[in-house]
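My questions all concern the structure below.
Chains: A, B, C, D and E, in written order; residue numbering restarts at 1 for each.
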Amino acid sequence: MSKPKFAMYWAASCGGCEIAVLNIHEKILDVDANFDVVFWPVAVDTKYKDVEAMPDGDILLTLFNGGIRNDENEHIAKLLRKKSQILVAFGSCACEGCIPGLANLSPASEIVETAFSTVSTDNPNNVRPQTHYTVPEGEIQIPRIYPTLRTLDQVVEVDYYMPGCPPESHQIAAVVDLVVQVLQGKAELPPKGSVIGAGNSTVCDECPRKRNVKSITSFKRIFGQPIDPELCLLEQGIPCNGIATRSGCNARCPSAGAQCIGCYGPAEGVIDYGARLITAFASVINSTDPEEIDAILDGIPDPTGQFYRFNLAGSLLKAGKSAWDKA
Amino acid sequence: MAKYLLYPGCSMESSAKAYADSLAAITKPIGLELEEIQDWNCCGATEYLGISLTPAYALITRNLALAAQQANGHRTVVAPCSACYLNLAKADYYMREQPKLGKMVNEALQAGNLSYKPGSLEIRHLLDVIIYDIGLENIKSKVVRPLTGLRVAPYLGCMVPRPDYEGRWSDHEHPVELDLLLKALGAEVIDFPLKTHCCGGHMTQIGPETAFELIRRLIASADQYQADLMATLCPMCQMNLDAYQSETNRHFGTNYHMPIVFFTQLMGVAFGIAPEKLGFGMELVSAKKALEKIGLEIPEQETLLTRPKKAEGLPMPKPLPLKHQVAKKDEVEK
Amino acid sequence: MSDVFEPVIVGFTCNWCSYRAADLAGTARMKYAPNIRLIRLMCSGRLDPTFVFKALANGADGVMITGCHPGECHYLEQNYKALRRFHLMRRTLKGLGVEPERVKLVWASAAEGAKFASEVTAFVEEIRALGPLHWGKALGNGSTPNVAEEAVGKEKMEVAA
Amino acid sequence: MATPQTLDPPKAVPKMIEDLTLLEEVSARTAGVSRLEMCIQCGTCGGSCPSAADMDHTPRMLFAMLRAGMRQAALMSNTPWICVSCYHCVVRCPQNVHIADVMYTLKGMAIEAKLFQDSTAPDFSQTFVDMVEEYGRSYEFGLATRHYLKHFPLRLPGMAPMGMGLLSKQRMSITPTRIKDIKQLKAILKRAKEIEGDNHG
Amino acid sequence: MTKTTTNQPDGQEKIGVYVCHCGSNIAGMVDVQQVAQWAGSRLKDRGVVVARDYKFMCSSLGQELIEKDIKELGLTRVVVAACSPHLHEKTFRTACERAGLNPFLCELVSIREQVSWVHTDKVVATQKSQAVVSGGVERVLHHEPLEPLTVPIHPDTLIVGGGIAGIQAALEIADAGYHVFIVEREPSIGGHMAQFDKTFPTLDCAACILTPKMVQAGTHPNITLLTWSEVEKVEGYVGNFDVTIRKKARKVNVEKCTGCGICQEKCPKKIIDDVYEAGLGYRKAIYTPFPQAVPKYPVLDVKNCIFFEKGTCKACQKFCPTDAIDFEQQDEILNVKVGNIILATGYDLFDARKVTNYGYGRLANVFTSIEMERLTNAAGPTNGQIVLRDGKTVPKAVGIIHCVGSRDRNFNNYCSVICCMQSLKFAHLVHERTGATVYNFYIDMRTPFKDYDEFYQRVLEESTLFVRGKVAEVTDAARLPGEEGKLIIQVEDTLAGKQRRIPVDMVILSTGLEPRRDSREVGKLFGISCSANGWFTEKHPKLDPVATMTEGIYIAGCAQGPKDIPASVAQGAAAAARVLGKIQQKEMALEPVRASVIEEKCSGCRICNNLCPFNAIFFHEDRMVTEINPALCQGCGTCVAACPAGAITGTGFSNEQVLAQIDGLLLLNVGDEPIPV
């Protein structure tokens, strides 16, 4: 009998996720062994129309990475949803917007302007993209940018979420294993909508650093001063997001002496990732004097960036006001 | 070595020349570096404030603005004159307490392309700097001719210990700093009850009778304690008590002879500097006799007016431990 | 609906002081703007920024948080924690381009019914001045956003000759 | 130099009705935060004042008068002029009222309203200020002589020896000193006066 | 992964909505019928099966209406839209309970205090009411049945402080047949009152009325006196406190000691007694603070003992007839279990040396009120003779200054309550014992309470000279004839409107009361708060003046604020009554509004660890997880809001409940424009 079909797609994202998948070493052979890769723009040459031609639900597993930034992204998201039995929001971008989601702090028009008119751009005729344009070879179409980037589940129904920027290879391997097990009837799929390839607690759970009762009198950048290699970074005033970030990465950054920046997104059941950090950080500030508190908070120069680096599009407010005002 | 910006004030160049001379004479021995604020102007004394708010504060603040320009790294302005000290400190404080005032003053300063950010300078009195920065031990070590046997009434007047916006002094009513300094010089310091009472201020000019009464109180009290002289740190006080003493005597038919000298002059004497270098002789009520006493034994006098030190009878309460700044200087403690 | 903008405000009140202040305003028949809807928490320390973001995301134009006066917290010191969170929350909103003034922290003791009433009315006016946030309408709840023409203005679509 | 401006004797002022804006006005025109409204009439100020004996009203009474809106009587009082700025009342006041600064305010208002019984003090202040504005420094000799000539001609002989003493001991100079950038100072003061004008017309 | 839309109810729940008219109180401004109809129709798919309006929901008929629906329609949730929950939440919860529905499945939303009474436009008020009801419905969907947790009450009581308030409380409880531990810092109970001579306004002798009570407390079978002891640690919660007490070494074996007093006689070391004699008298290195001390056993003051300084002496030991002196004796640590605690830790006196213009400590003949108490006390250093510091001269003129350190922003801005009467008492005593001229300097004369003003009248009759004015300064600087050698009181006589200088021989400073220097630490130790000034904060200033925010901890006497003896005694008794009430209950129910940690979600980040002022949160180092003690938790929810992993949940005010209520209030649940105002 023919192998179950596998697809992977790359919407608004950096491509790191594809690398991560290839990074699972010999496990990639299992993928090949167990699946028939029908659609994977970076790996195999399939055209959209080929996918459109497939019967609905023909694909068993689709790993969709990247957010929905333009009409092409949305079209393919909907298409793959129709064609796939299991659609996985793969990686931070698809799950919660990730770095591309930070563009939600500015209106789309500004983004286009920045892209086409800043010094970094060589654009002598000051050209702007157009959705339709006729060239001698015929008419070409360029995707239309949306006012904001949306997460996959804000556009289509998603079966599973796999967080991480990118997801850790050992986690991907584990998921591949799981699916293979399921195929061989050796395992059950987790309930729809659940997060796979990650833990249920937060990074601290896997973090080797010592921790005590916290009482913070100042926040500092991690560079330019001695850092106790044993002690919890937050206790040293380093704004480490590990406390609120889903476990599963084996606390890579903190164990390596860098603060967690939160790529694994919120813990199980958390509604707004940033809110958790705001309240947690504020809770352990050791001051009752408004001015002193403000002075201490100056140690977090860009709270929005600190708290929503990966989660903005997936947060309650989803975007900066300037972006939604235009919407 | 600390470096300070000096705001001398008008009197230092005229009525309080003795203060200026003696200060100049002692700075080297105690290693006090002073740099005069260039082209400073009068602080308005106690007069301008009573005429018009913004101009008065603008007048004062021009000096701070100039000082701020001149101060590279050093932010302490030292004023030897009480009124100057208070006016500078007050302007700085009120512009902080009431930003509106700060706005108006800076708007005025704009007209002279100047500006001053309240709180950017630290305004301190000369004595404050000598006690807390130079330190008593340091001063003791410089004493070659202790003022042994000289009974001195320490007199600070009003505007140094009060209102004391920054809490720099040990007390508003009975601060100990001057006493400690004079003791360090070896003088016999009387517990002068009126040490921070008023010398009459500008009343010598506008209501002499009022002023004479205030002068009388001070001189009389110091005399009761058989002080040989009064040591002050304020040109106005010195002027009133010294220059108006004879007039006061005439007014009340008294015959006091109480020399009024600047504490810096006594420091100079103790450091062994020649009196003439210290502005002695400029005082109208001569300190000659008092100076002669230095070094001589004085017979024990029963009649001296002193308070019962805890003799027989009921014990006295222990004195209150000095405020932090004093306390932290252990040498001051003893 | 009248044409003047009527802001929608969600208020979070401490069960021990400000909620009672609201009750007092009632028993004293003090009048204030009806634009506010109150939610009772045990303590301002219970306030989770999630609540505020949720309210704003779901159509509120402003959020008022009220608690016991500093030093008077029913739970000793929890209102100070609310104070810190409030500060950080406002900074974050600012970063998101939302006027921080849309979230206000008010201390009101159980005795301050009048203060509560006047604070509400004042806040309503402040928000009215800021204008609607209409966040929900724009992005809320998966409403399909309108597309490029609006994002990238038509005229920009032409090549600059 | 500017001809010394002297102030006219007070004109009769019609009786005023209670002026309840007085307290506020004084507060508003005082540097810093006056806290005048906090006075509990305890008398610490009146008790502390070294020159109270010569005052028409103790500071405490004066504050009561301000509350009662007795503008004319309050501004007429010699109390602010007798104040020697010793700040005893200020540090002792249980309500932390900025008493001394309120006195300065009242002087200013009295001059503005030309309400004072005796022009000695206002004159002195004015003369002093004139000199400062002219030279940027105070000029004791000019000040003393001019002032005493005008107000205590009879005292001059008595004062002469002292004056001579001061001169002979170079504690007073006959010629005034002028600061370098007097232009700048004058400009600043000019602007300051305009601002003051805009503030309380 | 974030959901903004309201999650659909599973359809299991049956909700009843009841809108109250409250006569015309609500119906006058809110169209209650419409609100009910709206809820019935628009909120149908949210689970509302019945919505009624009724004239008075809180009436028995109204309650029966609910009970009937619960039984017949099988309601699983109830929302009542009426007055403030603070008024009738209990009423409706009980109604539900009667009908067999868990009381916590009932939600009361206020449309009276917060709608009809404060708004003026009926249409708007009605719309707002709908929104409020909608919020209640969404919220109640997430309610869960809760059972109040009950804890047993240990019958023993700890009283901290053996002053008159503490003694009174102890006797009340002990007489009722329950055991009491009194912990007192000093070697004897009695407190400040034991230092006093006469007590106003009746002038009966303090010792005469206090000593019997002290003896009673000392001998009572139900009272354990722990003097020369301090509380070191308090663990547990109402009904079940574990208290650690340090019994400082007396160096005296109380089993053997008979209190004969020979040791004190023989002890060669004389020390100024700063505590009991207020620095005016002396004591030995081994001493009982005063003859009537309870217990009678002396205490050896190691700091001043020659043996401990130089290694020789031991006079006390040599002469002790019962060989009770034990230089080796060490501190003892006791652990006691108690159900309730009363703090009666009293006050400190304001340090008059801070008011330098009054010269205390500099001018010999300026005395403080407590020094005066000792001077006038027959058992005091002068045997009750009122004399100057020289120990012999009787003053001819005495000035008494009120409000020293009180009502003054430079020191304490509050009124110390007792000073006026205390000053009047001194005026009387001085007049009576010396015939001296007495001046009283006051800002305001405050003589409320029974027979106080009568006493003022009496002192007036004794021709005491009253001067209304806060004294500016006390000086020895003579200025006028007749002032030499005197203390001059300079003051504005505000009624005469002139400054006066009044020469006197003696000045008495009526010094104010201050919180104990360590009141804040003590407050922390017992988990209660202090006011800005440092007095312990009562649960309610009027309606619950002896209870505190922490269940099972009560306050009495000056620890709660300045007060006189009658008030302290009354509070002591009141606190005792409250404690007895608790003991009688044997066990008590705690509000089930509590926080708890979901262990598998807790990553042990310890963010929450220092957030709880009630010490309910503790961390298991071994398992690296945090746990919350439900009995200690007061349910504020601060930790719930703080947990970055969302691992802490709070019953009664869970995230789900609040978030759902937001949706409801904003009418997202019915897909309307958020609140058309």
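Criterion: contacts are C-beta pairs under 8 Å (C-beta built on N, C-alpha and C of every residue); 3 or more make two chains touch, one makes a residue touch a chain.
If you're wondering where the values come from, they're calculated on a predicted model, not measured in any experiment.
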(message) Moving step by step between touching chains, how few steps can get you from chain B to chain C?
(response) 2
(request) Touching both chain D and chain E: give me those chains, sorted by label. (result) B
(message) Just the chain pair, please, that has the highest number of C-beta contacts.
(response) B-D
(request) Return the distance between the CA-based centres of chain A and chain C, expressed in whole Å. (result) 30
(message) Just the number, please: Cα centre separation of chain C and chain E in whole Å.
(response) 35
(message) Averaging over Cα atoms per chain, report the distance between chain B and chain E in Å.
(response) 48
(request) Take the average of all CA coordinates in chain A, do the same for chain B, and state the distance between these two points in whole angstrom. (result) 70
(message) Could you pull out the residues of chain A that touch at least 2 other chains?
(response) 271-272, 276, 279, 283, 315-316
(request) Two or more other chains in contact with one residue: find those residues in chain B. (result) 172-173, 217
(request) Going through chain D residue by residue, note those that touch at least 2 other chains and give them in order. (result) 53, 88, 91
(request) Spell out all pairs of chains that touch, sorted by label. (result) A-C, A-E, B-D, B-E, C-E, D-E
(request) Report the residues of chain A in contact with chain C in the complex, numbered from low to high. (result) 70-71, 105, 107-109, 112, 125-131, 144-148, 150, 154-155, 271-272, 274-276, 278-279, 281-283, 285, 287-288, 290, 293-294, 297, 300, 302-305, 307-308, 315-322, 324-327
(request) State the interface residues of chain A toward chain E in the complex, per the touch definition above. (result) 95-96, 151, 153, 161, 195, 200-205, 211-215, 232, 234, 242-244, 247, 265-272, 276-277, 279-280, 283-284, 314-316
(request) Quick one: which bits of chain E touch chain D in the complex? Just the residue numbers, please. (result) 357, 407-410, 443, 468-473, 490-494, 497-499
(message) Using the touch definition from the top, list the residues of chain E that touch chain C in their complex.
(response) 4-5, 84-86, 110, 112-115, 117-121, 124-125, 128, 131-132, 135, 527-529, 531-532, 549, 593, 611, 613-614, 634-638, 640-642, 650, 652-653, 655, 658-659, 661-663, 665-666, 668, 673-677
(message) Quick check on the complex: what are the chain E residues that touch chain B?
(response) 272, 279-280, 351, 353-354, 356-357, 360-364, 381-382, 387-392, 473, 475-479
